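Next, two complexes with subunit A in common: one pairs it with subunit B, the other with subunit C.
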Partner chain A sequence: MHPADTGIVRRRRRELLVAAVVLVVLAVLPLPIHDTYTRNLIIITILFAGLAQAWNILGGYCGQISLGHALYFGVGAYVSALLLTRLNVPPGLGMLAGGAVAAAAALLVGWPCFRLSGHYYAIATVVVGEIGFLLFLNWDFVGGDAGINIPYVRGLGESWLYMQFRTDKLPYHVFALGFAAVTWLAAWLIEGSRWGFVWRAVKDDPLAARSLAVRVFPSKMAAAAISGFLTGMGGAIYAQYVGYIDPDSVMSGQLSILIPLPAVLGGVGTLWGPLVGAVVLIPLSEVSRSYLGGSGSGVDLMIYGGLIVLVALLRPQGLSSLLPSFGKARDARAT
Partner chain B sequence: MTVTLFAQVAAGGLLMGLIYALVAAGLSLIFGLMDVVNFAHGEMLMVAMYAAFVLWHATGIDPLLLIPVVALLLFGAGMAIYRLLIQRALSVTFNRGMVQIFVTFGLAILIRGAAQFVFSGEFKSINASWLNGKRLDLAGVFLPAPQLAAALVCLIAFALLLAVSRTEFGRALEATREDRDAVGLIGIDRDRIFALGWGLGTATVGVAGVMLASFYYVSPNVGANFALIAYVTVALGGFGSLLGALVAGLLIGETEALTALFVDPSLKQVGVFAIYMLVLMFRPRGLFGTL
Partner chain C sequence: MPARLEVDRVSKSFGGVAANVGISFDVRDGEILGLIGPNGAGKTSLFNSIAGAVVPDAGEIRLDGERISGLPQEECALRGIARTFQVVRSFDSMTVLENVMVGAFARHGRARPAMTKALEVLDFTGLAGRADTQAYSLSPAEKRRLEVARALATEPRLLLLDEMLTGLTPTEAQSGVALIRAVRDRGITIIMVEHVMEILLPLIDRAVVLNLGRVLTIGLPQEVVRNPEVIRAYLGDRYAAA
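Let's turn to the complex of A and B:
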């Protein structure tokens, strides 16, 4: 092995080890906690860490700032819910179908939009997301603005395949964590593969990449498909967890911002950024909403918005750069 | 369907289109100058509407006469935002594009929260303008006076923006847009020009806000919808192009009105978005965009 590679190989192995430790810690985290509010908070935080990582694959590693990811989230949620209510397909499988349809949607969106660059691309994704929202809102087959209630399948009891748990919410923690782990692993694999290097070239300078025979458009499409698939799976898990979906809760423009936000504040294009961002952001926004926002006073929004401004200005490379061992400092020293 | 109904709807689309165009012009000006998309643009519109409401409520002065006051207030707000936040965001070396998006987005949430805190969530409206209740009858087509006045003011504001672009300041703006580093060599203070550009951009949306407030309800979330239309307008017309904003604004106003008439009112925005996607397929930089 080339001597310059060993540092990278060792670092990647260490990252995998750290991830395993983090996974174990997060897996046992809810066991001593019995209060529903906190458990729900943990599940949502982990789910958003996974969603932000899914976004990060397209937005961070490939540099395409999508502000329409709620579309893929919503498509995943709707496909799995419709498969269950209309065809009685268990959501355990419907989740994969939801991801596949979301990936197809991402390719369909990418085909016209990846010709656009910079802000033109970002705004086009906002618009595509909004079109999806309006169509679902007015489409009776998917329930229109009334949405879809996920039914309790009788005579089945507790079922992992149907993601149906009446007495205990803990299994959803397993799903959320498994989802987040899959997205992390996808990002880890991409970082080490040829794709990761190609995508970063596409991100940094598409013209230069092209002159080096990098196929820019197919690279973006591949990143979009993976990102869309994972986001759709997240949507399907969310649908089963909350038991009710409508366009407002799974397809709104607001959600399209909430999905990338943890990645942006934690560190775009990094392995740990999405998790760090979610751990800081989601509890903060949930707690301030439940303690300060109840009266509709807007104080929670002010804190939330102010925090986003501050972190973006003071830590443009993301909060995860504050962590001791995964920051860029070590890499800089190594090279 | 009668010809009168069609003319009525088309006229309504035209009047609304002019307001869309003016809201978009402020956004386009800032983008063209420094490549920053202000995701708090809709909130600036909302602030202007509340400013008009508060001033009218406190003094009883007709909103029409408040235009210069609100425009001046918003000019100051725009300059302050540039000096406090954007200047810093531009000097970031890492991740600049994303930092800009999320700084202005965070600002938008902050302003929305502040509006909710001060005014609570309820809808407010100005209902004692001299214009209220009046209308113009053009051969059976009725044009409500507030909308008509708003459209006229928007046209005047556009003319003023064009006039500004011919002044010494306008030429400095143009030069800074062309090459933000070289202008320092000929004695132009880049940050001052950027700050003034932000002031001008938000003052423009301020004018639109006052006129809108004379016939549209005000609430902390009113900006979001207009902002979305404004982004589409700017991207459709081409970032940085004043003429593009005007043409695209009118096109969007008409598309929205006619989709509502012929297809379904709840799908009027889908019509707008479809036109936008169609144009971008053939002109990725918008109708008049060069950036």
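Let's turn to the complex of A and C:
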């Protein structure tokens, strides 16, 4: 059997093709839609698909369940915003710096926390996330609880480098989609490389992995750095999009739950889970909030939470396993 | 030329319980060595020391004359020691081919050569037809084979088999024996722990018998089973006299 004949190679080619189609569909999706509300909803959905994929790289492929990703999101948002307001560095570059600092933060968190395993690691990340939140809340240099207003640079007009556009939401759609595409491509490349195999081995059975010369700790650190970098980039894009950040909006514990949720619901450790999960979850939470949330009774949250529980019970392997052409189980008999 | 593996006065205790006490023996190049002894004799502990999963408290283990005891397990694997586990440990989120590729990545940085190597090993171990099957859906006998395949993909010099034939049907065990012989014919030295004597004795070149953490005797398989000490360890004093 020639290597090219195996299921892996064919599956990967097919996935790339599907991704190209999905990318084109998502690129033209907002064109016929003109109301701002829906366009905003689409942008946030795509952004969260990307964030969930970024989380998935560490949580799904490497199996290290982080519940503190808001820290990396917030660091990316703050670094890009501060670089703009203090040093006039355009956010187009600040985004990369934000990602880099977030990656460094992920390594810093990983250094002690990856010595813990399973639930203990998850709990540690919750604590670290809260520490970050409180630190930024009380840190005057970064605006404390008042946050940072991202200024409109006068005389610049429309600028892609500064991610600045008068009223048009469409360019942010491009940024969000580009970001989600980069995270997907990162996951796809990882799946097919030595790292992807090694990380999944670390997730499934670290002891067996070590017996096959897999270096467990460095593997986790590499996954954390990439996941942190991408999450930080997402934070920077979000900051430019909303124009104002404070610890509550970019570093809260709630955000640390919202980032992994699409991946968990859609299918942990799968290429399509984060996108499928985000497409179902984000509009659902918006719709239930706008139709039921006004009364202040919390009915919307009950319905939202109930649906999550329902999916978790009926489809623990994630919603993406419902899509026959995307699932992996089918490939079991592909040859 | 030094022996492939030298176990030199190795001792290991776990919280006051002496699992191995001053164990010494050599394993020759290309040999199949059986490690036998009653339950609790210290076989798996010794395996873990050789594989680098634990560090001996005292003594030294050398692979081709180079000290490996004290090295991390990953380093031992890179130096050429591969193992299977008493309780099967497959990577259950992956296919059979992907499982074996993890092993192949120990020697190959890129996916293509790793896949080529993995397919070659799957062919050798008779699992080629199951390459794209999810690992969790394999039968127990196939899972044992998968562990051997995964270990072979790391291109070892020494393979440690921990109760690879235990719990298999006689037919499955016989094909397991054929696989072990084929592995040896590739020039790979084997140490195996096994309880099923009627399968083990014709297969191995020499036996090391452990009892209560110490070496009871070392010798040819036919010799050691007639040794009164060995019979006493397994069956008690009454049978040793008979």
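Quick note on the criterion: the second predicted complex is superposed on the first by the 329 of 335 C-alpha atoms of A that agree within 3 Å, B and C clash if a C-alpha of one lies under 4 Å from a C-alpha of the other, contacts with A are read in each partner's own complex, and residues count from 1 in each chain.
Rule of thumb we're sticking to: a contact is a pair of C-beta atoms (placed from the backbone, for glycine too) under 8 Å apart; a residue touches a chain by one contact, two chains touch by 3 or more.
Just so it is clear, the model here is predicted, and its values are computed rather than measured.
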Contacts of A:96 with subunit B and subunit C, given as first, second, both or neither: neither
Touching partner for A:193 - first (subunit B), second (subunit C), both, neither: second
Touching partner for A:116 - first (subunit B), second (subunit C), both, neither: first
Partner chain(s) touched by A:205 [first = subunit B, second = subunit C, both, neither]: second
Contacts of A:8 with subunit B and subunit C, given as first, second, both or neither: second
Touching partner for A:214 - first (subunit B), second (subunit C), both, neither: second
Subunit A residues touching subunit C - in the complex, by the definition given at the top: 1, 3, 6-8, 192-194, 197-198, 200-201, 203-205, 207-215, 269, 329, 331-335
Of subunit C, residues touching subunit A in the complex: 51, 53, 72-75, 77-78, 82-83, 85, 89-95, 97-98, 101-103, 105-106, 108-112, 114-116, 119, 123, 128, 131-134, 137, 150-151, 153-154
Subunit A partner contacts - residues on subunit B that touch it in the complex: 31, 35, 37, 85, 88-89, 92-99, 101-103, 105-117, 120-121, 220, 224, 228, 231-232, 234-235, 239, 264, 266-267, 269-270, 273-274, 276-277, 280-281, 284-286
For the subunit A and subunit B complex, residues of the former touching the latter: 65, 67, 112, 115-120, 122-124, 126-128, 130-131, 134-135, 137-138, 253, 257, 261, 264-265, 268, 296-310, 312-313, 316-318
